[in-house]
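Dumping the structure here so I can ask a few things about it.
Lettered A, B, C, D, E and F in written order, each chain numbered from 1.
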Amino acid sequence: MNAWLEHLPVVPVLAPLFAGAIMLFLPESRRSRAGLAVVAVLVQLATALVLAYLTSDAVLEVWPLGIGVYSIGKWPAPFGIVLVVDRLSALMLVLTATVALAALVYSLARWDRVGVNFHPLFQLLLMGLNGAFLTGDLFNLFVFVEVMLAASYGLLLHGSGASRVKAGLHYIIVNLVSSLLFLIGVALVYGVAGTLNMADLGPRVAQLPASDRGLFDIGATILGLAFLIKAAVWPLNFWLPAAYSSAAAPVAAIFSLLTKVGVYAIFRVGSLLNESGVHGPFGSDWLFAGGIATVAFGIIGMLSAQQLARLVAFSVIASSGTLLASAGLAPDAMTGPALFYLVSSVLASGAFFMVTGMTERTRTHYFESSDQAPLPIASYSAFGMEDSHDPLDVEDEVGIAIPAAMAFLGLAFVSCALLVSGLPPLSGFVSKFAMLSAAVEIAPTAELPVQSWIFVAAMLMTGLAAIVSLTRIGMRLFWSVVGRTTPRLRVIEAAPVALLLLLCVGLTVAAKPAMTYVQAAAQGLTSPQTYIDAVLSADPSASTAEGMP
Amino acid sequence: MSEFEFPVWAALPASILLIVGGLLTVIGSIGLLRLPTFFMRMHGPSMGNTLGTGSVLIASMLLSSALLGRPVAHEILITVFIVLVSPVTAMIVMRAAIYRTRVNEERRRRQQQLPAGDGRRASDA
Amino acid sequence: MRRIPPIFLCVLVVMWLLLNNTISIGHIVLGFILSSLLLLAAVRLRPLQPKMHRGHVLVRLFVHVFIDIIRSNIGVARVVLGLAGPRDIHSGFVNIPVDMRDPHGFAVLAMIITATPGTIWVELTEDRTRLTIHVLDLVDETEWIRRIKERYERPLMEVFE
Amino acid sequence: MNAVLDAAIWFAQACFAIATAFAAMRLIRGPAAQDRVLAFDTMYINGMLSLLMLGMRSSSSAYFDMALLIALFGFVGTIALAKFLLRGEVIEP
Amino acid sequence: MSLALIVLLPFLGSLVAAFLPSNARNAEAWLAGLVAVTCAVLVADHYPEVANGEIIRFVVPWLPQFGLDLYFRMDGYAWMFAMLVTFMGALVVLYARYYMSPADPVPRFFSFLLAFMGAMVGVVLSGNLIQLVIFWELTSLTSFMLIAYWYHLSEARHGARTALTVTAMGGLSLLGGVLLLGEVAGGYDLDNVLAAGDVIRSHPWYPAILILVLLGALTKSAQFPFHFWLPHAMSAPTPVSAYLHSATMVKAGVFLLARLWPCLSGTDLWFWIVCLAGLSTLLLGAFSAIFQRDMKGVLAYSTISHLGLITLLLGMNSQLALVAAVFHMMNHATFKASLFMAAGIVDHGTGTRDLQRLSGLAHAMPITATLATVAAAAMAGVPLLNGFLSKEMFFAETVFAGQGPAVRIALPAMATIAGMFSVAYSLRLIHQVFFGPRAEDLPRAPHEPTRGMLVPSALLVLACLLVGILPSRTVGPLLETATRSILIDDMPTYSLAVWHGFTLPLLMSVLALVGGFVIYVLLYMHRRRSHGRTPFISRFDGRRTFDVMIIRLIRVAGFLHRLTSSRRLQTQLVLIVCIAAGAALLGAYVNKVAWGGMPVTRVDPTLALLWATGIACALGAAYQAKYHRLAALIMVGGTGLITCLTFAWFSAPDLALTQITVEVVTVVLILLGLRWLPRRIEMDDPRRRTVRARARRARDAVVAAVIGTSMAALVFAVLTRPRRLDLSSFFVEHSLPQAGGGNVVNVILVDFRAFDTFGEITVVGIVALTVYALLRRFRPAVESIDVPRAQREDLERRSQLAADPNEMLPSGFMMVPAVLVRLLLPMAGLVSLFFLLRGHNLPGGGFIGGLVLATAVIVQYMVGGALWVEARTRLKPLYWIATGLLAAGTAGIAAWFTGNTFLTSFAYELHLPLIGTVHLFSTLWFDIGVYMLVVGATVLMLVALAHQSLRSYRRPAPAPASSDLHVEAPSTAEVDR
Amino acid sequence: MEIIFALAIGVLTGSGVWLLLRPRTFQVIMGLALLSYAINLFIFAMGRLAIDRAPILDIGDPTAAAFYADPVPQALVLTAIVISFATTALLLVVILAARGLTGTDHVDGREGDA
């Protein structure tokens, strides 16, 4: 294969890193940094698409098993760290890059200047996300999750202000604790099974003596809990609504991916531990119960939410619960539709957070009013870092205002509402229908048919709750007679929203190929042997000319 | 322990030095623990800092020279650093102690003036 | 062009050799390069440099100090262990009028006073005319003043002024 | 001869541990902040000595570096604390 | 193909309409009308095929994996409805053109109207049940938009929301039912489902399916008890009421019942549920209609009751009843729509629809009066009008419905009573509006409307007459095809004659007419004392109940939310740690985890003593951290020291080194922070002595104890098991030969697992950036803004606190320390380089080296003061960070050019004079990156924190309380610039 | 020896958790510091305890791995130390900002019950 194509899997990690690093040399003025940022995201998108193409059945000569394994430093798995690209990873990469592109462009309108270093942090967040989706090593996963979280702290606090700092404090502390759990889990897994490579885990666990097996399960349990906290499972998700609803709109938009990292980790590690039958969070019943509880919590939250942002945050919770529940219900049948749902819901909530930002424009909550405004401190010129721009002058608006702003906003809002509530005709409905029909289909043969019914009921309930609460808040937003000022809307803000919504439409129209792809991806999860073989049989020294120094 | 057999010329003085250093350090910290006032306590540890450390370092020098079969002197660096640094510590700590005792004096005096005791007590940070 | 203090450079090179525990030519060169770079980078942070002469005086001084250290260690040990006899220990501050002005001199003096147990540097007045030390076992103030001035301050003034 | 040496090393190590413990007692007992700072400094010195002992025990030079580092920087924490007590902030304008 | 076109065209039209300028009434109308007519023509074009029993199909695969395809299917029944929808659409558009006022934003109206048309056509042409549900929900949405067309009226908003919630809920349950149905019938497409009738009826899921589907249908068709949304939908513009809420959308429910009739009906369950719903709706609607004040109110309730009638017919499990039902669907559409139009005309002409105020309009608007009268007569079931025919069929069915005796008596009676009611309200409507004395106090002077508004109504009335007089010539064949397509072979025999001789049904009709007249007269005697409130049942207002339910729902949700969630951090943390511990303990219990078999090594008293110290420090810190922060900090530092010694003790020199350096930096860092964390004054706080507070502390103590114990047990369980060598042996064996490094740990960090290090330094960099960004807009606590007390005392002696950048040495007590510490800087630098360079073979490496250098710099700040140092050096931490990241990255990428993967280490042999050959490892370059990043990040964080005190260093005056904060904010700002 | 090690980790964890559950921000940050010590020791323990077996190979003899202490957990702990150092710094600054913006050092940003 082409010697350079070989390095493609590591590009999604490197592109944002280099972009972010180089930005630090550029002045804090928007233009140069923003340009670089856009380029970097486009590179990631292109790479992700190529990877998705390479993992599909279209080409088999590059990666015969449809799985790309890139061993960092040429050390073979399980000893070295490997990046693994299968359909699922590729899918997540594409999703990340897409939402990132939208959020980035959106942020250029003004949001990126309410604080410093927005763009570097944004890039490094992407680095963390991509790394987490790519890595095949448990501890390396920890590291990249930390990268992601660290950047998310920075972005959540971007713009400062009381509400953000308060929410951020809780968000940070909870995530620090969950990281500690993550460490305990990884360490225990290593201490008992003696490996850190995910693919290597299953075979080793199978060989574990019964006496050690219990310890391993404890490790896996704690690990799973850490993932579940990231995935915002009830009752470990109280930090989420405040954090997501107080973050700046584009940040919240990209945040809708963070919970999915937890879900991804559950899916991935769960599938690899599957046939060795590990109990705890990876065990299906626990997962199902947690998922349903989370959905219920999301429903309650949506119904009782008073601001749109919080409502969307709760819908994120509900969607994450849906994914967990479906994974717990019947991985084999449900994973495909669940992945479809994941894609649709991420796009939807991303768009929705941005719409929220636009509807709440009049209230400019993302920008502390002057009495709240923190004192700017001594300029750092003495300290060798001139940034002339004043973080407070973000009022000048960029880009041309689009006509019929209200019409666009209304249309966008309705589309988002349809997507979130799973009402026809958009992809929200398609994905929900797919999950429901799968759930109904397994019911007659399942050993616990009641689970299917609970799941179906939960899905329908979510839809109803979404309708009730969304009409309530939507009418207040758009049809309130008193004091509604039509916001000036700029293409640079409207376009990303439109992009995401159009993607959802595309997902609806091209449901067949999309579903085919995600089902293939799900196939990789439900029968992980291919993955394991691909990783463990990969010979790093094969592809290259020179040997070791 | 290492299977290397140390020659007497190194082992014997080293042992003595170690014992002396250990004793000095312990005595110093006993001083830190037992002496009545802060200013007196400050003298305790400085024993460990100087002669205690010195003897241990010499012992270490002897042993590692014997081990590698050539003069090893990098323990001198530690001595240099200790000597360079401990005055800084001593001065600032001493100064702080004097300042704080003065402040506490003043506070006590002030509290005797006002009708004392609403049950509060300023914490040290 | 900032000038690199030569003595300090040599000291650093020696340090480098001690650190790496070798005297290979390569390390000497490397140490030389690194040290000079570091000094170049740091020289503005150390504007004041000592001008030393009659360095041999220091040798005598150090011998004295060494003896004093051992003596005072024993002294303090006795005080701590309560072997100092029935008399109650009376510690206190001693004010010493000083004639030395050079900061580096004072620095060395501070080292000496700190290194000898039983005495601690307390403060030097802004105009550098009076030095206050704290003595653990204070029997006779004038004895202390004499000792500091005779044994330490004079040789230091010879070297640094 | 090694036996004597080992005994001496062991003895010294114990001494330093005891010294550390005493310092810690002072640290916990206080009463004043400066006492704690002083105790803290002492703990660091004793820690350095213990490291040197470990080095001799395992006759490896790896431990020497730690001792060196403590000798070089053990004081930073102490003067930071002391300066906080003395000036109310560690780094003044 | 053309089927898809019929569905697609309205949607396209709606898109176009949305983007027309808001004042283009004619363009909109033309567009809409054209679309409607075209669709109607297209539909009509298919009549020949459907007439001879063909079924036209058009399938587009959509989601075949789950049996969901776009499947358009037209048989006679569908054709009839499609015709109804499109034809009515055309008429309504024409009507609306004149009804809507120029002020109204018509694009929205017509665009939604067309969208609705598309959705409705979609419903009737769906050959796939899921697809049907999709269009079904679309009709709900478009109807929501149309009801709320005048959203500035709270009535409209409210009605719209009620309608949407009820119908969408129905739609969801319909979805559920359809899912089950599809699973049972083995596919969602209509042909399967209709064929699988027996399977379905005998399947255990049948009741569930039936109830779910019925929920969908009955809500849509406003059947009791879900009828309440329809009257409130009347706040929509009248064309909408005429189209959606009488002719088409509300028919969707009964349409579906008839559609699924072959596979769902024929059971007792069906009979009872459907009949009861229909009958009660029939009576309730008719009864309430009598007492309405609003014309549209009367029509709404009458619509409800007529829908009830249709439902009742469908419930009777008899083919003839089905025919009657289908027949009545069409009839009702015609006369009710024209009545609505009449109501609109009256509203338009007089400015009110209030029956109390309206009177004697016949003089002013004779044509309208005539049309309305005829239509009302049809509604009342007067002979020679279409209403009479279907109603008589209905009466006949009630009589011959085969069920038990009770039914045989009750049903006809009820039917007759309902008939009376409908006569009464029809009579009332016409009489009170068009006859009697002329009303004087009308908002507008009544006048005949433009022809455009009359034509549609007239056409419909004409239809009523034609059908009523010559049924078999006009509607006969259509009804035939429609019903035949539903009950394929077992078609009943029926005759559409006006005269069947003196039969029981005829008697019932007569009774109904007479009785209705009597009722109205009695009411009229009462001087129209109705105030729009229905006697007896007005208290059971479904809508109010619904509102209360919604409000309750939200309140309950709020309550549950408060119950199941918490904004308190402590609660969240307790949950996390408890669940973690619980899960672990449960796992241990389930799997009976036991100690391992390895013997424990003997306890070394020295380490034991050290750890006694460490534990004491930890406990002390835990005890002191609230009020004696400095003490706690120092004690934590002590614990850290012991930890570091432990690492060293158990042969982990690298860990010990890193730990110790990190310790030092952390202490400095937290002290820098403490400057801005105002001191807590310890006082005996009453809140700490409350029972709850004590209880919480007790709980936390227990939790902490349990978790501590379990961690200890866990560690012990691991430590007593043999270790696994697989990874370590690989690393130890390959470290020297391949990676060329003796210090395996360091080799792992920069080579084997360099990717971890790569991410790790990124984290450090990110945090530094965040800290910097956050501190840029830092707002300190009010109490700690002004200069610390100790320094304020100096201000008596010195003009300002900041050190003078030009002075050689700090004056005062810092002089000697400055001399010494500045002497130390180059040495420290050398040591840091030493650690950086030797890391690969002995403990050390970039991280430690970097921290050493950073610490050395920070110490300079401590003794020299921030401004003094920065006047003499220009360190650009951000650049260091960036360079570090780039260096590490390039070190990795460089491997690509040697044909290796990212971060593969390789050596470069450098031949130097008098030094010899030097092996430069790419890992060294990587380590240099780490080094630079760590230096930059650490310095940035610490110094950015230290810089905070610059904000106030020129204000000798101690700042008073919070009040001055805002005042001096600008002044600080300009100081900073 | 193992017993002492386990005890140490237990106590550190216990006091860390106790502080973590306290209402004051500074207590929480101290608790996290103690917890990270505990976790680092925990990870380290996963390589079991070895005395005088530092995984530093004298040039030229890569002897049996069994002799040396397990280097992997050491590397993991190093990463963990660095990351927890960084996050501690961040948390500290956030705590300061919160104190300034909310006027209290309660973790919830408002004076709850002590």
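Just so we're on the same page, a residue touches a chain if its C-beta (ideal position, glycine included) is under 8 Å from a C-beta of that chain, and two chains touch if they have at least 3 such contacts.
Small disclaimer: the values here were computed from a predicted structure and weren't measured.
A.B. asks: Walk from chain B over to chain E along touching chains and report the minimum step count.
C.D. replies: Steps on the shortest route: 1.
A.B. asks: Going chain by chain, each one touching the next, work out the least steps from chain B to chain C.
C.D. replies: Shortest path length, in steps: 1.
A.B. asks: Out of curiosity, which chains are bumping into both chain A and chain C?
C.D. replies: Common contact partners of chain A and chain C, which must touch each of the two, are E.
A.B. asks: Measuring between Cα centroids, what's the chain most distant from chain A?
C.D. replies: Measuring from the centre of chain A, the most distant chain centre belongs to C.
A.B. asks: Higher C-beta contact count, A-F or D-F?
C.D. replies: A-F
A.B. asks: Report the inter-chain centroid distance for chain A and chain D in whole angstrom, where each centroid is the mean of the CA atoms.
C.D. replies: About 47 Å, centre to centre.
A.B. asks: Taking the mean of the CA coordinates per chain, how far is chain C from chain F in Å?
C.D. replies: Distance between chain centres, rounded to whole Å: 39 Å.
A.B. asks: Quick one: chain A and chain E, Cα centre-to-centre, how many Å?
C.D. replies: 17
A.B. asks: Multi-chain contacts only, two chains or more: what residues does chain B have there?
C.D. replies: 1, 28, 30, 42, 44, 49, 74, 77, 81, 84-88, 91-92, 95, 99, 124-125
A.B. asks: Going through chain D residue by residue, note those that touch at least 2 other chains and give them in order.
C.D. replies: Those would be 13-14, 18, 20, 25, 33, 37, 39, 57-58, 61-62, 68, 72, 74, 79, 83-86.
A.B. asks: Give the residues of chain E that touch two or more other chains, as numbers and ranges in rising order.
C.D. replies: 567, 569, 573, 577, 607, 629-631, 633, 649, 651, 653, 674, 680, 714, 718, 723, 725, 727, 730-731, 752-753, 756, 760, 763, 766-767, 770, 774-775, 778-780, 789-790, 813, 816-817, 820, 823-824, 827, 831, 842-843, 867, 943, 950
A.B. asks: Between which chains does touch occur?
C.D. replies: Those chain pairs which touch are A-E, A-F, B-C, B-D, B-E, C-E, D-E, D-F, E-F.
A.B. asks: Note which residues of chain E are touching chain D in the complex, please.
C.D. replies: 605-607, 609-610, 612-613, 616-617, 620, 630-631, 633-635, 637-638, 641-642, 644-645, 648-649, 651, 653, 656-657, 660-661, 663-664, 667-668, 671-672, 674-675, 787-791, 801-803, 817, 824, 827-828, 831, 835, 842-844, 848, 852, 855, 858-859, 861-862, 865-867, 942-943, 946, 949-950, 953
A.B. asks: Help me check something: in the complex, which residues belonging to chain B touch chain C?
C.D. replies: 24, 27-28, 30-31, 34-35, 37, 39-40, 42-44, 46-47, 49-51, 72-74, 76-77, 83-84, 86-87, 90-91, 94-95, 98
A.B. asks: Mind pulling up the chain F residues that touch chain D in the complex?
C.D. replies: 51-52, 54, 56
A.B. asks: Quick check on the complex: what are the chain E residues that touch chain C?
C.D. replies: 808-809, 811-813, 815-816, 819-820, 822-823, 825-827, 829-831, 833-834, 838, 860, 864, 869, 872-873, 912, 914-916, 918
A.B. asks: Which of the residues in chain B end up touching chain E in this complex?
C.D. replies: Touch residues, chain B against chain E: 81, 84-85, 87-88, 91-92, 95, 99, 103, 118-125.
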